[in-house]
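Data first, discussion second: the structure below is written as structure tokens.
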Amino acid sequence: MIAIISNKTTEERILEIVHFIEKHDVQAHVSRGVDRTVVGIIGKATPVLAEQIRQLSGVEQVVKISKSYKLASRDFHPDSTVIKIKDVEIGGDQLVIMGGPCAVESPEQIDEIARLVKASGAQVLRGGAFKPRTGPYSFQGVGVEGLVMMAEAGKKHGVLTITEVMTPEYVDVCAEYADILQVGTRNMQNFDLLRKLGTIQTPVLLKRGFSSTYDEFLNAAEYILAGGNPNVMLCERGIRTFESYTRNTLDLAAIPVLQSLSHLPVISDPSHGTGRRELVEPMSKASVAAGANGLIVEMHTDPDNSMTGDGVQSLFPDQFARLMQDLEKLAPLCGKRFDTPKQPL
Amino acid sequence: MIAIISNKTTEERILEIVHFIEKHDVQAHVSRGVDRTVVGIIGKATPVLAEQIRQLSGVEQVVKISKSYKLASRDFHPDSTVIKIKDVEIGGDQLVIMGGPCAVESPEQIDEIARLVKASGAQVLRGGAFKPRTGPYSFQGVGVEGLVMMAEAGKKHGVLTITEVMTPEYVDVCAEYADILQVGTRNMQNFDLLRKLGTIQTPVLLKRGFSSTYDEFLNAAEYILAGGNPNVMLCERGIRTFESYTRNTLDLAAIPVLQSLSHLPVISDPSHGTGRRELVEPMSKASVAAGANGLIVEMHTDPDNSMTGDGVQSLFPDQFARLMQDLEKLAPLCGKRFDTPKQPL
Amino acid sequence: MIAIISNKTTEERILEIVHFIEKHDVQAHVSRGVDRTVVGIIGKATPVLAEQIRQLSGVEQVVKISKSYKLASRDFHPDSTVIKIKDVEIGGDQLVIMGGPCAVESPEQIDEIARLVKASGAQVLRGGAFKPRTGPYSFQGVGVEGLVMMAEAGKKHGVLTITEVMTPEYVDVCAEYADILQVGTRNMQNFDLLRKLGTIQTPVLLKRGFSSTYDEFLNAAEYILAGGNPNVMLCERGIRTFESYTRNTLDLAAIPVLQSLSHLPVISDPSHGTGRRELVEPMSKASVAAGANGLIVEMHTDPDNSMTGDGVQSLFPDQFARLMQDLEKLAPLCGKRFDTPKQPL
Amino acid sequence: MIAIISNKTTEERILEIVHFIEKHDVQAHVSRGVDRTVVGIIGKATPVLAEQIRQLSGVEQVVKISKSYKLASRDFHPDSTVIKIKDVEIGGDQLVIMGGPCAVESPEQIDEIARLVKASGAQVLRGGAFKPRTGPYSFQGVGVEGLVMMAEAGKKHGVLTITEVMTPEYVDVCAEYADILQVGTRNMQNFDLLRKLGTIQTPVLLKRGFSSTYDEFLNAAEYILAGGNPNVMLCERGIRTFESYTRNTLDLAAIPVLQSLSHLPVISDPSHGTGRRELVEPMSKASVAAGANGLIVEMHTDPDNSMTGDGVQSLFPDQFARLMQDLEKLAPLCGKRFDTPKQPL
């Protein structure tokens, strides 16, 4: 249920309305827009309460929301969420690019890649210290020391960092070192992990489960939001279909769909979404044309020898740099800007 | 198997090579490129024959092709196929837009829509006279008279026409009236229809089966090519997945994949690919950014009352015109031009 | 819409009711059960007409049917359809097994396999004279002469025959030689073929499209029924999923689901449904346990050298015979009998 | 890599072979069969080591295993694993049925259902204390006290208990109260949970991820086995496909496939696999006919008022009891016995 309040209502009156609502065993979430303020009401709201709220002075309308997710819904929060991290804004008119290797391998590797990411104009360095692997005998990541290497590389070269967290007990240490925490596709419905992420304020990039519907995806985001962390980004990373030529089928319609159902930023992952280097460039451009708020792209200085064996989908540094230049031109036609300084590699 | 012939070889010598090959119970298909000429060899080519061909003067290399499709393969035909129909070229640097209603309903309807298509800058009028419908009690199209209405509207307003053909016996009459014939997604493996289309020269737009792999899709095209009709376009129109919010999942990676595996033009259908009007614009742009040679887009003057009930995915004329203007700006960033004259509706 | 008539109503009165209905521009289909007679009404039935029918003496109730298929629906036809062909009844308490090679290859091959089919206790010989193949260069079947070979083998050994028909123009010749016509998975929505099959009375085994929903499947059957041919069997033959270890995923829940939604017999195809010989026996048994009315199973005397290359899913004759013996014991526990004479091979 | 040792080799010699192998930085897992002993070798086995092992007296053959999972593979462990819990054996010739509600709701509810499970002849009581729910506002289970209620009901009525564990930190408490721990479909690739389950000896029922391949499934089992817990059962519970009439598509071919690839017991879940009560009985029988070692079936005394809203797929007690009687007759035809005492409810 949401209560819509006209923009002529004073701040004081809005607070009175909120207090009234909260006396009735439900929660109120206020979202201020330019034209109106929306108060989202979560909990068992009776028809009687709905009628009482509707009659409060300042309330224009009370609307029932039938979606199972509330805080993630654009109905509850009509304006797009913009997540600010230092000088980067995700979800606004800036296109945000996260680039880097599948896994952090060594201080030298991650330092050099951080330098290339920055020089190419991307704002965020990606890299995994903990790797979710299909089998127990594959390389599982370098662990906590990878977090340290990455944090140092990010600081030195002036880029934000994003890394994957796989289990509740590692959330705190990951949040200490990284600017953004990533939840992988296999953990989208690891509900204890989501609950733990709801207790901190570090921004979270939540990847869509590879066979999850939009509805399940937004409900997973709702777990984090409901815990108290409003800084959630959604990431389309490809779904599993019958087609096996590509590793996954990148569902680009998810971008406008999620942006209409939700106010959260939507990032696209053309690397995992296709699993093939030669498709990363066209699918990156297509993602931006479809309205993505950002991209997360694998880049490696020596893809053939990457420790995860995922090099086949990693761009070479010069390909990454060229893509960034192309996106600078494309972004303005798609209502975005990507005007970070770019330097020769 | 293909034989690669250097560009210094004379035309006469190439013919001699071809004659030599054809004496051995196999077919030879010559594809002339700027740097080299490729002779595709179809049939049971023995290792002995391969060696004999390799030793012919002028032949640089003989390469075995393991794909099950041959004529559709870029290995056989390295240069992109460009299909010329009057002043429109599909598969080259021109972006080609096909717009119009799901079904031809009346002379007035199709005339007015043809006018709008032309004024918006699109080059081709789409419209179905025969409609493949899930159930027998749904509107099945107006039939042959729809072909006539559409041909007149196309001629009057100076746009090409494309219409669907569902069965071998109607191929000739459809080809008499329309400039391009469309094979629908349910008929992609209607092999008798494909064989019949191989016997004419009218260009064919072959839609991908909604659960067909790239390999099956190119093998279906191979049926038409093997019959003798080289004028085939491939159309990605969305695949069936677990996600039901959209009618299909538009697989945009198919565009660069098919363009790398094959020399045939690739068209995208964002209308059927999403089944939702509000997604047509972003997915049209994403298709062009992914490298599509063209789009086929549903547009209707009165979508709410369309006879097929598919109006929910049809653009209104003003939306269609605005999209065309946007594509004019986007195309040059994607290596295409879409500079047809555009007029106020 | 259906009108339910009590079993005390005389035959004469039922006819009067039918005549009344048919005067109103709708069709009436009568289905006589033990407890009641159901008159299915197809066409635009107005509320006024519904009320008029409800008031007719003998009519107990008028019920609106919201499904898009009517004649295929169990609502329209509460008793299970039993299709009688010579001494075989499909859809009743008899388990019916169709066995044989993927393709008819020679008179000797099909004669020997017909003998084995009969000796094993199966009632129907399967075999393809026309083969739908993914690519144009694969073996496409021996054509009409295969029909002749198969008809002779069937007659000689006393088994019915089933063969695939791929295009409307071959329906008549196939029906001349075979007892049952099969529509393949790729042709489930070849609507012109379905329409043509509606004009004859030969029983049709309609295979589910490999990505078709139950609803689309029953609508395809409706095309044949609506044309006037009531002798339709449904065949579950596996659907396309992400799992590629098996050729398809045999959806056994389809058996009870289709039997509840429809009155038509349901046959299972464990050969195409799995694509692996070692899975045919367990999935055959599972199909019968799930309630299948019959099975269609590939068996070949020399699977490794089958002309279609599909031998990998064909049983050897001794495996087939053993399976028939096992099914004889299993059938009675599943409400069926499979007591045909069985002889040593 | 595996070393095959003839059955004439003495126990002492086998130990010498194992000691030799373990000196080379690899692990040896011994699996004794009637005809031969197989020593599985995990770790980087060089060709030199392979040759050295092959030459040891008593070793018949050394075979390279290319699968990514080892301990879960039947190559490594040719005899089927039988897991003994008190007087129940899972994986042998006994059919094992696990029945009970989706969620433990109250001591009275679970006590009554335990009584019905026992009286019907099933051996294991299922019930969830922790529930993985798509959205954060749904009933999440009664928690640890549910474990206590269930343990008491199981003890009182003489049935084993199985319950789901969702996160590593709850493994120990769940193992304290339940006889079998279940990993849900969404957690199949929650690798930290799998690793934790590898450190205990309590049997684990691992559900297949709803979009996981057989290979990924067996690799997930490998995580538990590699940790040191050999007591793993695999559970097919339906996969996600395009068909939405059923909640999932129960992939019964998975049963014989997994039994051929692996030595672990395979259980089928027809309740989640279909999501519809009326399909549980036919799919239970089909599962047993396909060779399942057991079933896990939802049963509830008041399904319409179940706290999870999953009642739509729960059997009523009398349906459950009737199914058990039917399975008693069916089991012997499928190489199993299900001869537990059965009493009137």
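In this document, chain identifiers A, B, C and D correspond to the written order of the chains, with residue numbering beginning at 1 in each.
One rule holds in what follows: a contact is a pair of C-beta atoms (placed from the backbone, for glycine too) under 8 Å apart; a residue touches a chain by one contact, two chains touch by 3 or more.
Here is each chain with its UniProt name: A, B, C, D = 3-deoxy-7-phosphoheptulonate synthase.
Since the structure is predicted, the reported quantities are computational estimates derived from the model, not experimental observations.
Asker: Which chains contact both chain A and chain D?
Answerer: The common neighbours are B, C.
Asker: CA centre of chain B versus CA centre of chain D: separation in Å?
Answerer: 50
Asker: Nearest whole angstrom, what separates the Cα centre of chain B from the Cα centre of chain C?
Answerer: 36
Asker: Among all residues of chain A, which ones touch two or more of the remaining chains?
Answerer: In chain A, residues 211, 215, 240-242, 244 touch at least two other chains, as defined above.
Asker: Please classify the inter-chain touch graph. Allowed labels: line, ring, star, complete, other.
Answerer: Shape = complete; every chain linked to every other.
Asker: For chain A, which residues are in contact with chain D within the complex?
Answerer: Counting only chain A, the residues touching chain D are 42, 68-70, 132-138, 166-169, 186-187, 189-192, 210-211, 215-216, 219-220, 222-223, 226-227, 240.
Asker: With touch defined as at the start, can you tell me which chain A residues reach chain C in the complex?
Answerer: 211, 240-242, 244
Asker: Would you mind writing out the residues of chain B in touch with chain A in their complex?
Answerer: Answer in residue numbers: 211, 213-215, 239, 241-246, 249-253, 255-257, 260, 273-274, 278-279, 282-283, 285-291, 326, 329-330, 333-334.
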